[in-house]
Each structure stands twice: as structure tokens, then as C-alpha cells.
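Handing you this structure, nothing more for now.
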Amino acid sequence: MPGNSFGQMFKVTTFGESHGEALGVVIDGIPGNLLVSLDDLRKELKRRAPGQHKVHTGRKEEDEPEILSGVFEGKTLGTPITVIVRNTNQKSQDYDKLKDQYRPGHADKTTAQKYGVRDHRGGGRASARETLARVIAGYFASLMLPTLSIYAYVEQVGPHKLSSPPQDHSVERGEINIPDKELTKTVITFLDECKKNGESAGGIVGLSILNCPVGLGEPVFDKLKADLAKAMLSIPACVGFSVGEGFGFADKLGSEVSENAQFFGGIEGGISNGSPINLKLAFKAPSTVGEKAREGRHDPCVLPRVIPVVEAMAKIVIADHFLRQAAYASFLLSDTNR
Amino acid sequence: MPGNSFGQMFKVTTFGESHGEALGVVIDGIPGNLLVSLDDLRKELKRRAPGQHKVHTGRKEEDEPEILSGVFEGKTLGTPITVIVRNTNQKSQDYDKLKDQYRPGHADKTTAQKYGVRDHRGGGRASARETLARVIAGYFASLMLPTLSIYAYVEQVGPHKLSSPPQDHSVERGEINIPDKELTKTVITFLDECKKNGESAGGIVGLSILNCPVGLGEPVFDKLKADLAKAMLSIPACVGFSVGEGFGFADKLGSEVSENAQFFGGIEGGISNGSPINLKLAFKAPSTVGEKAREGRHDPCVLPRVIPVVEAMAKIVIADHFLRQAAYASFLLSDTNR
Amino acid sequence: MPGNSFGQMFKVTTFGESHGEALGVVIDGIPGNLLVSLDDLRKELKRRAPGQHKVHTGRKEEDEPEILSGVFEGKTLGTPITVIVRNTNQKSQDYDKLKDQYRPGHADKTTAQKYGVRDHRGGGRASARETLARVIAGYFASLMLPTLSIYAYVEQVGPHKLSSPPQDHSVERGEINIPDKELTKTVITFLDECKKNGESAGGIVGLSILNCPVGLGEPVFDKLKADLAKAMLSIPACVGFSVGEGFGFADKLGSEVSENAQFFGGIEGGISNGSPINLKLAFKAPSTVGEKAREGRHDPCVLPRVIPVVEAMAKIVIADHFLRQAAYASFLLSDTNR
Amino acid sequence: MPGNSFGQMFKVTTFGESHGEALGVVIDGIPGNLLVSLDDLRKELKRRAPGQHKVHTGRKEEDEPEILSGVFEGKTLGTPITVIVRNTNQKSQDYDKLKDQYRPGHADKTTAQKYGVRDHRGGGRASARETLARVIAGYFASLMLPTLSIYAYVEQVGPHKLSSPPQDHSVERGEINIPDKELTKTVITFLDECKKNGESAGGIVGLSILNCPVGLGEPVFDKLKADLAKAMLSIPACVGFSVGEGFGFADKLGSEVSENAQFFGGIEGGISNGSPINLKLAFKAPSTVGEKAREGRHDPCVLPRVIPVVEAMAKIVIADHFLRQAAYASFLLSDTNR
């Protein structure tokens, strides 16, 4: 059953149930001597925290990270970094009524069947709360690659879509991570309406990666697109992944595609070529609807808060593949033993 | 750079360049005592071989598998199974003119940058020919799970789509793996036209999994959907993956989704629940177009031949996760030490 | 640099520097529903704690374990178990004088060279203090295998040796883990003398494993003897490992060996056969000698305190291999698909 | 049951039963552009082949390596290298009488119990013949590290020992790999006598590693000494491993040890420091004794032929750890992002 680690060289292990003592992460394989800023880390965590806008769950989570290991005098040591966040505000008593029932559309039943034991306090490892550990790991991954630029945004919520993708990574994304002011207003109104009606909504996230080093991705199974797909599909509620035009490629002819580099994006043969990488991710609407969904604690839509999680997973994948390829750098540079 | 293995308990390692001596696979972690039929294996390989229809590449590959290890007197030994297929018909001289150029849209340039060396004979590991090793591994995976049923089919080629998915796994798929006779004719005509015009086409594959055991998938990173996504995106030309309604979920409201079990399919919280699992995969059109594409050796579309590869990858993922979960079976059954 | 995980199915990741905030462990892959006793865990930790006898370091460590995840209402959940121990009593100011020097025979210099950064507070990850995380993991491993019996003991310290191995696992080991009262006294006197003289001593540990399940160990690289060797050599100061007669086999003839099952012990071809497994481990004397060694904080010998660590590593190896083999149990029991 | 791979970055997978079609190895993770000499590879294989001296088994193995992948125009491609050796001379009919019996002291019974199936043709994966795949992998590992020098030798056979270790790697090792002419003669006479009497002998191997790069070994579990121990104990008949003085450390005092650098050797805190690394390995006498051992095909002692296998495993471990550490080289060199 071990499945809580990701990456081979930049190896991330997350732990903690949504209503347990704490959530956290161990990062094994980070270089030494990188400057760590607790403030920057807090900012990242705040980006995925609820309560920034009223469409977000009413739970007020004070997610204060505590670094237990791997950092000394503001620098990484090269040893495993462990960061935990205490669960201070999880009202598990709310869930007591769930003791003997499984919530439909949640992981409750499959989890109980798999492990032979029931944690009725809440979503356990299937809860979106687990993703804060990923955001922490993503922060540390970004320390390794100062020129890499990763930018995710909400492209669609329910029927409401961006008319065109943002032009670059400097476009302001607003309070619910949509890079367009008009659409932001429309979606907020839409989600307020959803909330009022006990309804929920799905959508699409766009992800743009700039300055990815050349040569990342390991044929034939650990292609960059394959590991990015796994990373994204491991996020709760993610149900679709595509690279470049994705499903839009289906009815494109070869002449249309091969003349136009933008369709491919920055991955050829599973290996990065230095060009921009564009991905799209589909998320389904939360399963909690009806009376229960009108209560304060449920988000009507995961899209706004999932943005830093998507970015974190991309950073982790690229940091891992960077190290995997860097191991061979000396052989690419020299001609001494050939 | 190691990236040629897939799976943790059912561990598949493929090797071989498209124009080298041989391609092959080592399967480590298969149980002993399973009955092996070389005829059945040959049939699987034939399903992905070119030359079944004239829209397929003119290359006549005689892919004769040779079992080098792991099978004795028609049964698996539990030791690593190795199967190779000699490359008897690869005209690498055709490629000599490529010695000093990179084919656009192929992996030629990124591969050379990554490894610091150029194999101008052909696509090397990026060639679709590598996938025959996956089909071999998929055959052996299927021996472990006799009741599992995996069925893939071509759902769309260029602008031509199935009007509805096949009703069950007994629907005949025809010579280009489309489960509809009319559409088969239309697509053959379309691809013949493509070939004549030096054009190529993309499309969509549907995949249905029945009788998947309950409890497969390891939170939080090795969710079943995550490992299936990685498996599929590791196939050449695959550019999109979705589970259930996938990108179609984007504009569905929670009430529509949660009332209708078919939207979810058989994975909840990343863990199989025994219900059918439905996936869709997008493939882009081959990059070779124009004069070169009119020559005999190039398929105008990968979809018809990719079907057994998609099925093989699904079998490998499920065999691997079956063993990962089976390790805990005795703890789920007994109450002795609790 | 990731190297802080051990095991494939029962996967242990330790973290924490000797003078950082906390040490701890994440255990991923433990079955659900196992009964956890915090008292039993404390007892195990106490066995490796200093201060039980005056030959032990004067440091008084109050190693109170805190379970952060994976346990609910006294039972394992099947999710990752995380346990931390705060470093409350590490006087890192003592080490400030080490800021600009490397202690000979310690890992100080190689660590700094490897990671490019110096943690002058203490031994960091190379400190024996890290082993408490292993003892915690060993406790949880033992929950899985209630009939397994693991028994380690001090066989030799400096020139003083046991005349014969203990007859079974019920023999009392005394305050410094020697299963002989007379030898215990002799060694305590010897170590008191060592301490007074700023001297240190090495020795040999014996390890007996009873009721190991049959069939554990994976040829050809993950043989049971190979993984046990790795586990033991990963312990600080361990410099030798042998199975059965070990180096004593060197001058034994085949006829002597093959007539006498006890020489082999319970591993054949790298696979357990259910018979007792006997190992010996050599440990070198601590490098700190002279004036500094006379100070309170240094043990003159690691042997007495390493016993629970050796046992914990054996438990972890066997729990891991138990799960690896258990994955195939259903194929060994049934004949359905053969 | 997967256990046939070793290494994380330089990843070696071996396959093949002693009496199957072929043995072989896949090496995944080797850099591109390394010059390959088939002649050098043949020379390495010949070093472990029987028949060099009459004390060796009468079997004449013509072990001709065939490279199936990963090498093109005499250079590595960076893709997986696969080399096979056909089993041309295995008389499995000799073994038919073993169909219903298990040879004592062999892996026959544990193997059958583990996998639920019996391969009565011979030792299968437990046979020493498997080690030729390791020698092949060791050859390729050595291409990566041209300045590394690895030198193993027979130090003891039965009661006959070297009086002092060889002074350096230039000392001639003779026909049975003993770096002393007198002892060579004595041991040959001793082994001839053993053979005549249906007797067998064990012994000790010394291994010296020079020019190991600094910084190899990953705390806390993948210490260099730990991975070397695992590598060596994975060799058939290996029953003991020690680093530096090993079991000789047991009765050394700290002052003796710390004043004398040679005791430690080149590993501190599990990390290489550039100094020579000295190891000792114990091997037990073959289990086949009596009438059967007088027949031509059984070696009375594994020591002479195991030397290139021991060297190969050391090369593989160091190549793997070299790549693992090299991944971080750019962070050690630059100060840009700190």
C-alpha cells in the first residue's frame, strides 16, 4: 500500500489525515545551501487556503508550517526536509454522524474496503487538505530552479470560459485565479448562486511552463508528459490531462499540426526541448450537493484553490527530472573517456 | 536516465532501438505456474503488426517472439521472463540521408541533445516499434487476471466519430479497430485519401475496463487514475487522457454528476470500486507529411494499430496494482493479530 | 541524494538532524487495523536511551514519541504513520567550537564535502541519535508479525567474549544486553575503566531470528541475506556482517558444513526456509578518545545501546519481505488459472 | 517477487535460468558516447569462465556475448544496453534424476516453495552461472569511471592464507587469483586433493578500491558500506562482509583505531572520502560433496572464479552512486541561487 511518495531524485513523501494531528511532508534529495524563506513558504500556503473569497469554504484554516528538519540557519542542509502543519481547526465531531455511512461520490467506501478500517472523521488522505503538503514541497522544488516559471490559471468554470489564454506569466489572476476581470466577476456570481442552491461546478485549468531546461524526461516510460500526467491525475477531482492541443488534436490533420509548432509545445519524444509547455487539466464538480452543500464548510468548486497545487506538482516533476538528467551532465560536457 | 521500467511488483523493462538487433522486454515479478501459450502471444503481436490493411505501413514486419527465460515446459517459473523479437526487416540504409538532419516533430533532436549521441538509423526508442515489447508484457499480465476484461477501440479519426460507444466487449471491432461497420468504411476511405495526399490524421481511443478487482490504487500519488494516466501518456503520440466524462465534466454541475454513477466510473478517491472504468485517450496526427508521407512505409494514422498497445498498458497497470494490494490480503481476511 | 528510505512495501523514511527540532519517521505500507500501544513503543525507545547504566552517556534524553498520523482510536489506518521525537536536550552550544574544525573519524568532513554545507551543531544525520527513528519503525513492523521472534545480544566487548551463545530467546540480557551475569560485570568494569582513561571499545553483536516465515527473500539481488546485510551496515559504526558461521566458514570443508544444518541457518539460495537465522555484526570503537572522551556525553562503547536498533532493522527487513512475498500468496494457494 | 534489479541510476536487471535458453542483462541508465570493446567484454567473461585450470569444473562454457541493444557503431547510445549469452552446453538431461528430489544445501527446496513450481533442470537463478550477467554489467560500469581501480584477490582457501595483502593493484594474481606464487601452488594441490576426495572448500576474498570519487554514499540507509554489503551478499555462497578491519575491529580499542587511518579505510559516515576502501568477503564451501562431487562438473571451491564477480559488483555500486551524487554537482559548484 505504499503510494505516498513521488519522484526518484527529488523524492516527496506526504502524510497525515485531514482530521488527524498534523499533515506534513518529507522531501529527500534536495541540494544543500539553498536559501529558505519561511515567509515565502507561508505565502504559497496562503494561496491554497480557504477564506480568501466568500465562495471558499467557511473553514478558517490557520496553516502555520513548522520546519522540523533539513534547514539550518536559513539554508537547506541536503538532509531530508520535514515540514508539518497542525490541524487546529478540524471539527471532527461534525463527522460523527458519518460513523456508519459512506458519503456517495467520496472515497469513503473504497478506502474502507481497501484498508479494512474506517476513519469516519473526514476524508482522511482523500481530502483536498492533503494537498497543502504538496504546496510545501513545490515551494522547496522552486528553490532549485530559479529561472523556471510556472503559471496556472482557471480557464473555465461550469459554462463560463476564458476567450483566450493569458499572454504571459505577468497577467494578474485575481481573487479566484482567473486572468480576466470580467470573467472573474461572472464566475463569482455563478459560484455564489451554486452555493445558494446546494450546487457545485467543475472546470478546466490551464498550465504554462516557461524556461524548462532542455533534455528532461526519460524514455520510454518516464517521459516528461507521462510524469506530468501522473502528477496531475494524483490531485483529487482531476479527471483529465492534455498536452498542447490535447483532445483538440483529434480532428487536426498532420499538415495543420506539423506546420505549427505551438501545437506540440515543448515536449518531443517525451523530452523537453526548451520551448513553452502548455497543459490543460479537467476537474469535476465536488460530489457534495443539496442541503449539505449549503452549509458553510463546502467549496462549490475546487478550481480557484487548486491552482497552487497544480503549480506545485509541476515544480516537483521538473525538479525531479532536472536532477535525473543532471546526473549525466559531466558525460555530456567532456570527451575525456570516449 | 533510467526510465525504461514500469511497475513496482509487476515490473516491466523494455529495451531495443527500432533499427538495432532486437527489441524485447524483461518482466520481473510474475507469479509461477501460469500457463503460457506462444500462439496466443503471437496473436497479440499480430494485432499491432502493420500490413493488416492497406492503410497500414507497407513494411512487412515478421515479429516472431523468442522466449529466453522465465518459462519452462509451458509454465511461468516466477523468475524474470525475457522475450525478444529480432529486427529482420528494418532498412536502416533508408535512413542514411538522415545522418545529418533532424526530422521536425520527431524526437530526433531532443534525443541527441539528451544523450549527446545521434542514432540516425531511425526513431530509436521513440519509434512506435518499441510498443511491441509492451504488447508482450500485456499478454503476460493478462495471464494473472483471467476474469479481467479490457477492451479498447477507435472512437474518432480526424472528423469522423462514433455516434455512441460500443455496448459491451463482444462488439466486433473490424480491421481498423472501429466497432462500427459504416464508420470503418468511412475512415478507410478517409485514410486512403490522406495517404494519397501526403496527409496524416489524429483521433481518439476509448478504453473500457470490466471486472477490475476492488481496492486497487494507492493514495495519494499512485492512485489508479494517476498510474493509468502515466501508462497511457508514455505511449508515443498520446497527448490526452481522461477518466469518465473527462473534459466533458468541465461544464457539468455537481447535481448532474453525482446523480449519475456512470460519470464517475469505477474509481473513487483513486481506488477501484469494481464498477466499469472508462477512459479516453487523444492521439495526434503523425508528424511526417508531404512527399515523404506518400512513400509506402509511413502510417497516415496511429489509431488502428495503437489499440493493442493501449490494452497492454492497462493490463500492466492493473496487474501491478493487483499485486500491490494482494500483499495485504491476509490482514484484511483475518482478525488474529488485532 | 535521497537515501533516507528503506524497504519497498514496508517503506520507512527517517528524518531529522541530531541537534535539529525533531527526529522522526514515516512508515508507508503498514496494514490497517493493527493495535498500537504507545506504552509498548515507549518501552522500545527506552531500551536504546542512554542513562540506564553509568557507562552510558550522561546525556539524559527524554524521548517522548508523538504520533502525528496513521493511527486512530488505537489502531493503524493503513495510511502513513508518522512519529516524531523532539530534541529537547541537545546542547548545541557545546558544539560551537566545532564550527571550523572537523572531528577525525566522524562523518563531519565527508558530509560537508558531499552536501556543500556544514552543520556544526553535531553529527547531523550521522549521529547515532538517528537510530531512534529506526526503533520506532521496528516497533510498528513487529505488529505485523506477532509470532516472529527477534533477539539480539552483546557477544563481545573488547577482549571479553561470551563462552557460548544464549540457548534461547528467554535468556535475560541484563543492563548492558549481555546474556550472562558474570560477563556483564566484567564488561561494566572494563567500560568504566575505558571511560576513565578516555578510551573506547568495539565488539560483536549476535542476532537470532526465530519463526521467520518460509519463502522470504527475492533472488537474485534482494536475497534475504543481502537485505539484512544492507540493513545492518546502514547502522553507524557497523563494520561487519555475517550469516551462520560467517568468516568461520572460510576454513570449513564442505563435508563439515553440509552435514551440519546449523552452519547454514535459515537461508538457502537467499530465501528463508523457516529454520533459525543467526547473524553476527561487528562494531568498531567510537572515534572520540582522549580528553574529550572523558567528558560525560560520550559512550565508550556503542554495543549495549545498539541492540534494539539491530532488532528493529531485522524486523523492518522481514516485514518488508513478508509483504513482498504475500502479494503472491493467492497464486500459490489456488490452481484456478493454471 | 521482483528482485532481479540492482541500482537506482545505473540500473542492472539480470535474467535467465542456468539451463534455459540464455542468460543476460539489461543496463538502464548508462551515459551515451562511451566506447565499447567487445574484445574487452569477452576478456572479462573469460576471467569467470571455468576450465582455466583443472581445479575448475570440467564444463566447457563458450560464453559468447551478443549485444542486442544500446550500442551503435561501437558507442553507447544512452538507451538500455542488453547483452545475452546463449546456454549452449548445459546438459539438462543430467538433471532429470533430480526431478523428484531436492539437493541438500542448494536453493532447490526454498525456490520451489517460494514460486510454487519446480525447475529441476538445474540451479535456475540460484546457479553461479547467473553471475556472468553481473560481469557483463560490471564491464559497462567500468567504462564510466576510467580512473577507478578495483582489485579483488583470493586471500584464503580452507586453512591456507596469504601472509600479507598485496602491495598494490599491479601484483599478478596467477591462475587461481591468488597474488602469491607459493600459495597458488599450495592451494592448487589442496583443491586437487579436495576434488579427488569429493570434498569442497571455502575461503576469504580481499577487495581493494582505489580512486573512488569523494562524496559517494547516501545517508542514512544507502551508505556506501551498506550498498557494498548488499551487493556482495547477493553473490551465491557469500556469507560474510566486512569493511576495513571488520570483525578484527571487535577487540581494538578506540585509541588504536583512531590513530591509524588504515583501519577506517575510505568510508566515513557511510560516505567515500577518496582514501582506499578495503573489504573482506567470506564464502562457504560448495554443498555438493561425496561421490557426486568427484564428477567433472563441480568446482571444489568458488573462490578462484568469484573474483571477477566481486569486482563487477563493486563497479556497479560505485557507478550507481557516482551518478546519484553527480546529479548535485552543479549545486556544489555554483553559488548563483544561494
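Lettered A, B, C and D in written order, each chain numbered from 1.
Just so we're on the same page, a residue touches a chain if its C-beta (ideal position, glycine included) is under 8 Å from a C-beta of that chain, and two chains touch if they have at least 3 such contacts.
Since the structure is predicted, the reported quantities are computational estimates derived from the model, not experimental observations.
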Point to revise | Of all other chains, the one whose Cα centre sits farthest from chain C | key: B
Revision key, fill the gap. Quick note, more Cb pairs in contact for B-C or A-B? It is A-B
Study note, to complete from the structure: Rounded to the nearest Å, the gap between Cα centres of chain B and chain D is 38
Review point. When the C-alpha atoms of chain A and chain B are each averaged to a single point, how far apart are the two points in Å?
Key: 27
Practice item. Starting from the mean Cα coordinates of chain B and chain C, work out the distance between those two points in Å. Key: 45
Check your understanding: Out of chain B, which residues touch more than one other chain, so two or more?
Key -> 1-5, 8-9, 14, 31-33, 75, 78-79, 114, 116, 125, 219, 324, 327-328, 331-332
Study note, to complete from the structure: In their shared complex, chain B is touched by residues of chain A numbered 1-6, 14, 104-111, 113-114, 116, 125-126, 130, 156, 158-159, 194, 199-204, 214-215, 217-223, 225-234, 236, 238-247, 249-258, 263-264, 268-273, 280, 282-290, 293, 300, 324-325, 327-328, 331-332
Practice item. Would you pull the chain C residues touching chain A in the complex into a rising list? Key: 1-5, 8-11, 13-17, 20-24, 26, 28-33, 66-70, 72, 75-82, 84, 114-117, 119, 121, 124-125
Exercise for review: Show which residues of chain D lie in contact with chain A when the two form their complex.
Suggested key: 8-9, 31-35, 75, 78-79, 143-144, 146, 219, 323-324, 326-332, 336-338
